[in-house]
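The structure under discussion is supplied below as structure tokens; questions concerning it will follow.
Think of it as A, B, C, D, E and F in the order they're written, each chain with its own count starting at 1.
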């Protein structure tokens, strides 16, 4: 605790995902006071055919 | 905002998923008053081996 | 199955939420072929102090 | 209802996942009084590159 | 890891929720091999006006 | 997109939650390249009676 989930389109590099986990953990720790050891970050990647905004999927734009 | 997540078994066609996003967005906009531009729809697909009802997985039926 | 979650700001009336559940269920059934009996819709309401877009919370705008 | 989601690292066998669904359903039914027929269990599997604890991903340890 | 979320209607007693956490943790540990110390269980309670099955909310039945 | 959810125990101040949204948004933007305008952050707060680790709820410790 805290538990952080980041849902985003697939396509980021492994380096970007490593940095994402590190920087988000720091941001959560600094602002909530939770120790880093207690912070869990999960990345969930979506394909463009599974995300729609304003009724139109990213794969259909 | 609103953010809509639809979890379902994999196997729907691309046309079905496109229609799902369009129709759900319309339904949410009409009933909540939110503009379509603010409505986000995410589809999450599961395999039959990852869903169980009444203690039995879909893949074991 | 399918399982639909709608996250939105609190403040909708009970009639709006009733209509939301009915219309979203119809939209999902028509486009995926799932029978209505198998469609579950959950509404999750957020306060403006718990939602931020572009780094600014709705309660701070 | 109830709806149970289990997020865990990928790598469990099919037998482990079958047992997980069965045993979790029993545990929820016994303690909440919900009939088994109403209990839905979803398994979501993550790769080690998508889970970080204390700012470090499982794939980087 | 694993992370378990149980969404259910509000109204269970504190004793039922305590037992739910204990028994689900045991079920997940026994079947996945994860140590209990690594298992996190979150309960999310819904009102009857926020859950619909087959297009009808629990509060409207 | 991206959509970030932070689940944590209730009890943080409004200032902590404001800073959390701002800093997490910056961390996600810097590491993924997504513009801030596209980043959505949701905070979900739990009571101690609804979170258990190692089979024991926070309210029972």
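Assume contacts are C-beta pairs under 8 Å (C-beta built on N, C-alpha and C of every residue); 3 or more make two chains touch, one makes a residue touch a chain.
In this text, all values refer to a predicted model and were calculated from it rather than measured experimentally.
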Query raised in the report: If you check the contacts of subunit D and subunit F, which chains show up for both?
Result: A, B, C, E
Report summary line: Per the C-alpha fit, the turn needed to bring subunit B onto subunit D (nearest 5 degrees) is 120
Query raised in the report: Given the pairs D-E, A-D or C-D, which one repeats the contacts seen at A-B for over half of the pairs?
Result: A-D
Report summary line: By C-beta contact count, B-C versus C-D, the higher one is B-C
**Report entry** Distance between the centres, which are taken as Cα means, of subunit F and subunit B, whole angstrom
**Finding:** 24
**Report entry** Distance from subunit F to subunit C - Cα centre to Cα centre, in angstrom
**Finding:** 20
**Report entry** CA centroid of subunit A to CA centroid of subunit F, Å
**Finding:** 12
Query raised in the report: Touching two or more other chains, which residues of subunit D qualify?
Result: 1, 3, 7, 26, 40, 42, 51, 53
Report task. Could you run through all the chain pairs that touch each other? Result -> A-B, A-D, A-E, A-F, B-C, B-D, B-F, C-D, C-E, C-F, D-E, E-F
Requested in this report: Using the touch definition up top, name the residues of subunit B that touch subunit C in the complex.
Outcome: 1-9, 12, 16, 19-20, 23-24, 26-28, 30-34, 51, 53
Report task. Would you pull the subunit A residues touching subunit B in the complex into a rising list? Result -> 7, 46, 49-57, 59-60
Query - Complex interface listing, subunit D residues touching subunit C - result: 1, 3, 40, 42
Report summary line: The residues of subunit C that touch subunit E in their complex are 14, 17-18, 21-22, 25-26, 36-37, 39-45
